[in-house]
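Notes for the one structure printed next.
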Amino acid sequence: MAQYDLVIKGGTVATASDTFRADVGISGGRIAALAMNLSSDGAQEIDARGKLVLPGGIETHCHIEQESAAGTMTSDDYYTGSVSAAFGGNTTIVPFAAQHRGQSVRDVLQTYDDRAAPKSVIDYSYHLIISDPTDEVINTELPEAFERGITSFKVFMTYDKMIVDDRQILDVLAMARAHGALTMVHAENNGMIKWMVDRLNAGGHTAPRYHAPSHPAAAEVEAIGRGIHLANFVDAPLLFVHVSTAEGARLIAEAQMKGQRIYGETCPQYLFLTREDLDRPGAEGAKFCCSPPLRDSDTQAALWQYVRNGTLAIWSSDHAPYRFDRSGKLAAGPEPAFTQIANGMPGIEMRLPLLFSEGVGRKRITLNEFVALSATNAARLFGMSDRKGSIAVGLDADIAIWDPDLQWQVTQSEMHDNMDYTPFDGMQITGRPVTVLNRGEVIVDAGSLKAQRGRGEFIKRAPFGIASTQSALAAELEPGSNFGAQIL
Amino acid sequence: MAQYDLVIKGGTVATASDTFRADVGISGGRIAALAMNLSSDGAQEIDARGKLVLPGGIETHCHIEQESAAGTMTSDDYYTGSVSAAFGGNTTIVPFAAQHRGQSVRDVLQTYDDRAAPKSVIDYSYHLIISDPTDEVINTELPEAFERGITSFKVFMTYDKMIVDDRQILDVLAMARAHGALTMVHAENNGMIKWMVDRLNAGGHTAPRYHAPSHPAAAEVEAIGRGIHLANFVDAPLLFVHVSTAEGARLIAEAQMKGQRIYGETCPQYLFLTREDLDRPGAEGAKFCCSPPLRDSDTQAALWQYVRNGTLAIWSSDHAPYRFDRSGKLAAGPEPAFTQIANGMPGIEMRLPLLFSEGVGRKRITLNEFVALSATNAARLFGMSDRKGSIAVGLDADIAIWDPDLQWQVTQSEMHDNMDYTPFDGMQITGRPVTVLNRGEVIVDAGSLKAQRGRGEFIKRAPFGIASTQSALAAELEPGSNFGAQIL
Amino acid sequence: MAQYDLVIKGGTVATASDTFRADVGISGGRIAALAMNLSSDGAQEIDARGKLVLPGGIETHCHIEQESAAGTMTSDDYYTGSVSAAFGGNTTIVPFAAQHRGQSVRDVLQTYDDRAAPKSVIDYSYHLIISDPTDEVINTELPEAFERGITSFKVFMTYDKMIVDDRQILDVLAMARAHGALTMVHAENNGMIKWMVDRLNAGGHTAPRYHAPSHPAAAEVEAIGRGIHLANFVDAPLLFVHVSTAEGARLIAEAQMKGQRIYGETCPQYLFLTREDLDRPGAEGAKFCCSPPLRDSDTQAALWQYVRNGTLAIWSSDHAPYRFDRSGKLAAGPEPAFTQIANGMPGIEMRLPLLFSEGVGRKRITLNEFVALSATNAARLFGMSDRKGSIAVGLDADIAIWDPDLQWQVTQSEMHDNMDYTPFDGMQITGRPVTVLNRGEVIVDAGSLKAQRGRGEFIKRAPFGIASTQSALAAELEPGSNFGAQIL
Amino acid sequence: MAQYDLVIKGGTVATASDTFRADVGISGGRIAALAMNLSSDGAQEIDARGKLVLPGGIETHCHIEQESAAGTMTSDDYYTGSVSAAFGGNTTIVPFAAQHRGQSVRDVLQTYDDRAAPKSVIDYSYHLIISDPTDEVINTELPEAFERGITSFKVFMTYDKMIVDDRQILDVLAMARAHGALTMVHAENNGMIKWMVDRLNAGGHTAPRYHAPSHPAAAEVEAIGRGIHLANFVDAPLLFVHVSTAEGARLIAEAQMKGQRIYGETCPQYLFLTREDLDRPGAEGAKFCCSPPLRDSDTQAALWQYVRNGTLAIWSSDHAPYRFDRSGKLAAGPEPAFTQIANGMPGIEMRLPLLFSEGVGRKRITLNEFVALSATNAARLFGMSDRKGSIAVGLDADIAIWDPDLQWQVTQSEMHDNMDYTPFDGMQITGRPVTVLNRGEVIVDAGSLKAQRGRGEFIKRAPFGIASTQSALAAELEPGSNFGAQIL
């Protein structure tokens, strides 16, 4: 009997820390050995000579089979979404399970379990979106969700049907702190956006291009500043998703410099597209409406900088697939006003190739930094590093084998999502995942899907575990007493 | 016939810029001459040898004959309030005319005119408090108020019955910008305060001392940061009143460093009292409940620093007189919870003596800086420098003659307001105004009131006139177009 | 007998604080009265209707009859220099008395007295340049100079023959602190400049245009940062002259924000010229060589900002007149290398008209700010406010009467210095001093000089008197002991 | 024949990125396999159950067999120094090879080769100290040293016999940039130190305790700021060694935030000792004299913060062993003045145990961060990651097996250096390396040395290879031209 089920031979393995030539022995779905010359007798063998053997990507910001508060469903369900992710080199996705107002968290999770379990081809978990943090939710339902291993959730500082106010954010943060959960926040100042929308509408400025000024940079910067104050006040960790401004990233960097547990994420669209894409003729700009909106080339350069130096440690697609037709972007008609366009764009399959090609390929980041951004940082922040996020003995054999030299051009026909366009159309890419394994099973190889529908597993995640620092609140209370503990 | 109605002889005159020995000739209520040896033949003469001849103080943050949203009236009306101000060296007051929800601004102004005109012994204007910025208010009533010379108004970022949200603040700021008005803001994060109050109540922490942690420093700092973003976004000037935190003052200083029209005010209570005063036994701490709350001695030192370097250019009392009895602080009973205590403390008569004694006397500030803080800066910021705020030919003869060496101790019996306590009780002071003139008329002399009830005049104020700078909003819009102008 | 020697009628007087219509009565060379309607019977009368009556300018950074360490003499002596200053609206100049290595300060002062006293047409003092701070200089000669009323001196952080090292700067600062003197510093990093000069020379890059990169912005920023550390270390005030970089100004602003006694000066060339002027054909660029060098238009905008907000409170010409011929700029031949060109440019007569026209005229600054920058700030910082710098009773009648509407074009033929070019040639100016009085005597009127050679007086200046703050050094030593005092 | 020479069984392996249970197979001195169950038949076996299997430490700041400019030799030679390092869990040391003025770099390297090769028990390289950067050194000798694999060097901003000036630093940085070397700098402002020494001496303050104020915090902060300017100017990487101030660390963090290649190191003495140790009675304080000096407990907390967040990524001992006798600390007699005391303290054996016990043990850092600080970061920064710094297939089998629970107390008798005191005497430690392997050979086990004298190998290091960013210098020169390249 073979010692290993499968051996990957001759590749170059990279972790967030190291790069080395090794064979990888897989047994029982886990990485059993990394070695110089691994005997593969009896085992399946993959020839990885000239290839990179990397941890499978972990995509932690994507909207899959999720309906908006208004009821619009994303075009990808857990099947097409997970397939597209797999082709993009990912082996785990963490989409959102969204609580809309009045909904019970229990029901929400049941709904998403019903959606994901029978369809996902790769492993998955959810972040809980909380739009209605009632006492019941805070004190009963969320602790139950934690118990199930759902240890992160998200709140919105904007959008009428999702917004929570500062007091509610503090409730969520304090609860998260107590249980060891990580809070994520969509940070844009709601008042500034609404005021701008009013003014633009009043002036008859409704074309897609006006989406950009309607969500000004200052709205994000203000909200990030406020979020940092709130998180610091109760000493809770906070992740700012889709950071799109240089000044916002700077605020996050400064908080980190002071030792606060503040984290930042950015996405390909903010590094590879600009608001000029919104100016395309006719309704074409609608394809590029997302929030926060695309910015400019100076911002791109600044965000690369913050990706390089680790300030923005999470790299996600914010895949929010709405087709360029009546089911999605053009629901309001062929020439929708910017306020009528579903926000978001697809990209789950392009997240890693874009970063590899433009990051590693152009020497903006190292291969190890690429691994960290693909998988390791997400595994750590979201409580999966006991099983996911690296190439190490004992971990799940979640592996993406990349051909670093393969050159190709982005077109929608190469994508595997249920979309009719890609915003990155026409870009030249060097490097691509060619074989992808999830728990030791080849799920993608040479452009073909090998995975069964529904083979993906729900991943129970660990609490967010970094030791706490000092809160601003504690400083308000009597030092040396346990008053702070009573309050928090 | 005498050339002058009155001549002040032999004093040392100080302006915000200069200090010089001169006689002052007054004619028709105005300063007609400053000269080395002014013939006073026929004129009334005041001997000011050994004295300082300073501009009468302008008190721009005080609550006089103002009812709260809940209906509680301050203990001082326009008579006692203006008398106390006059004894404190002031010749102009600018209290608030408060619009409560549902009220018409026209009615509000009529009400305050009815209160002030028959009673005030010194000149006056109002700032309009706006709690209900409807379209009618924004587009019709406030322009009318400007027309009347009421060119400043105030909004609150906290207090349930007064709070306006960020979008409303932008409406007010944009309107203010269009007309040349100055907006003032009480900046505290409402959510943080309410969250803390809930937690403190839940823990049974209701004594007056808990007022301080219920309004944490972070709440002020966050709100100041947000206010700066909002003001900068629409390129409107903004004055933060009663700044009580070092970090808040630093944010203001940084905005000024960048050229933004951001201004700061602080008050005696934040430099001369601390939150330890809230710890006094029994209900005594109630006397020291104000919002933002008293802080600590490190903050005092930092605020002095920001007063010295001009960051906090407005020095006001925030006189908010509620007696220590059933009519005021103890309305809820002899041992009120901190949430039941009317916020505020008296100080209109102590504002200048405290600053003189501790500022000029201890060489923390110069005499010219004292003058700037007493009157000149306020006159400039609030559109009165054509008549008020300095000792210069042609200006109203609003003059406070100070004995710089007079030593005295603060007690309530020396005060002229309608209060039963002073928070500064027992402090030793050096320096005091001994004779005060408003428009050339002696209104206080040697401890006696000389003024008739109702002699004060309403002062029509000029628009806030500093040239505008670049707005963040403009940067969002097309450069070179006039799109920004359409939006603003 | 007339009460006044001279009365200025009907003008608009402005101080750093106030603007008012008043007649000015002058008696015995001093301002005796400011009044609404001053009887001028018997007195000389000047009609100032429609004119501005401003304090005479105080020019505190100019090189007059000063030889360089290499022996080159400026083209202006105390006669032409002071005449040009007077035509530019100035009534006091404070040029440098430069100690070269090995020279006794006593001898230096005697030399400059011999130069100034017989020639200057306006009042004057000197700043002492110290290039050789021996024990004798520090302990004996400088205290003697202070005694004479020379209460400011300057050190260089660059230039081989003038440079003092950090330890010597500390010696000077500590001595200045002990006596109440103000230190000025030319802040550029010598090593960076010399390294760049070497590299540029090695590459054969010797044209005038290379003067700009040879003195990089980083050299100034570094040196300003270092200077702030040194001054703060011994708690001594420090004035950075000719600040030419946005980042340098920002460091000064931040020090001021922290309450340090750090001051900044800038000059017209940095606001009105750019390094592109160095690119003019042939040797023409030599006219624009000064150190620090001209920068770019972004820097101009930033420096205006720091002038507006008071960070850069001293506005000087840095008049350093070297003719565009063999005696000056072209001493090394008709096509000099940038290292062979005497550094500096003329401008003593243009300092105030440029600031008035571009500052007040274009509403970048107020008239009162103009007055502060012309005279008041300098008088205060350099110990002359007992006699100079404002229009106030008792001060010297140093007055410049401006026609605010007079339009003219800059040409060298309009200048009164001993130069053959002006770097501001061709600029359109609105506003000009038409009549200038020094101690009550008309010295310039309607384009004619009225003053006698040598009529200027030496002004004994007061020590720099702002109370000291905490030094970084003190923080190193035992709190509560007097150890710090022993060290300082 | 056995597949492996040696197998480490059952331990928990940690890298900078991952922690996992694995056996380690070693073959030919290299790590050949990491696997779940490695057959050790025939191989030597080490039982690591309950132990941590970590990369051997890389100590990159230590003074071994190095004479000072004055000729004093450290007490440790390459034998005792490397033995002590090995007992402290290290497998590589990079001491200094110091060029004194007038010396040829070739001779210096020959000298150190003669010292190290016959004695070192672990692998080694050198950093070159450059005190005399002549043209010959810069253009010929240093390129030769690089060729040999010595790719880092160090300069001093203080010490009379070692100091280089700013221009020389630029020469070194530019050369380093051209060849891909890393520059290290001892950053303290020489003038401030000398000025303080003068003042302290003048006051008769000569006891050891005055060493601290003689090297004030401001001296380090200033020099770090200057170094950042210099490095940024020529776009060269720079490592600040032994950072001892919060403000210095903050400057480094800000440079990193801007994307500059600025790095920071700190040492155990700055986290575990304070200047109060200098106050010990008699000459005892001499044991604690090092430069920069020990600071205070606030600084300790701040430095921990900067270690935690990655700002200070290099953790070194700065082992500088001078015995507490006539050969070292007391060379000048039993009561030496602070200026007569050799600077430095031992600690090469305590570097890792202290960080493990106080860092990992007290949850200030994670185990992975400990690994990064022990070895990985140094391997990367100093060009050794192809062979050293992690546990990965193909790397040298440099491994320290730690007992994480072993409790012990620091005493000099436990140390293996040639010293007579340890500054950490008496501290309680949890965790200790129990078995250490270098290139697969057990060199320390169960408290016994197993290694032969001279078995250590010289490690040829790779150039510093991170892609360059924009220099400030480039911004001074014409964009779009290759002028910058000519200059650099």
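A few comments on the model shown:
Going in written order, the chains are labelled A, B, C and D, and every chain counts its residues from 1.
Note that a residue touches a chain if its C-beta (ideal position, glycine included) is under 8 Å from a C-beta of that chain, and two chains touch if they have at least 3 such contacts.
Computed from a prediction, not measured in an experiment: that's the story for all the values here.
Chain centre most remote from that of subunit B: D (centre = mean of CA atoms). Inter-chain centre distance (subunit B to subunit C, centres taken as mean C-alpha positions): 38 Å. One finds 58 Å separating the Cα centroids of subunit A and subunit C. Separating the centre of subunit A from that of subunit B, both taken as means of CA atoms, is a distance of 50 Å. Those residues of subunit C in touch with two or more other chains do not exist in this structure.
Going by the touch rule set out above, the chain pairs that meet are A-B, A-D, B-C, C-D. Only residues 165-171, 189-192, 194-196, 199-200, 203, 212-213, 216-218, 221-222, 225-226, 229-230, 232-233, 472-473, 475-477, 483, 486-487 of subunit D touch subunit C when the two sit together in their complex. Subunit C makes touch with subunit B in their complex at residues 13, 15-18, 20-22, 25, 27, 32-36, 38, 250, 253-254, 256-259, 305, 308-311, 363-364, 372, 376, 385, 390, 392-395, 467.
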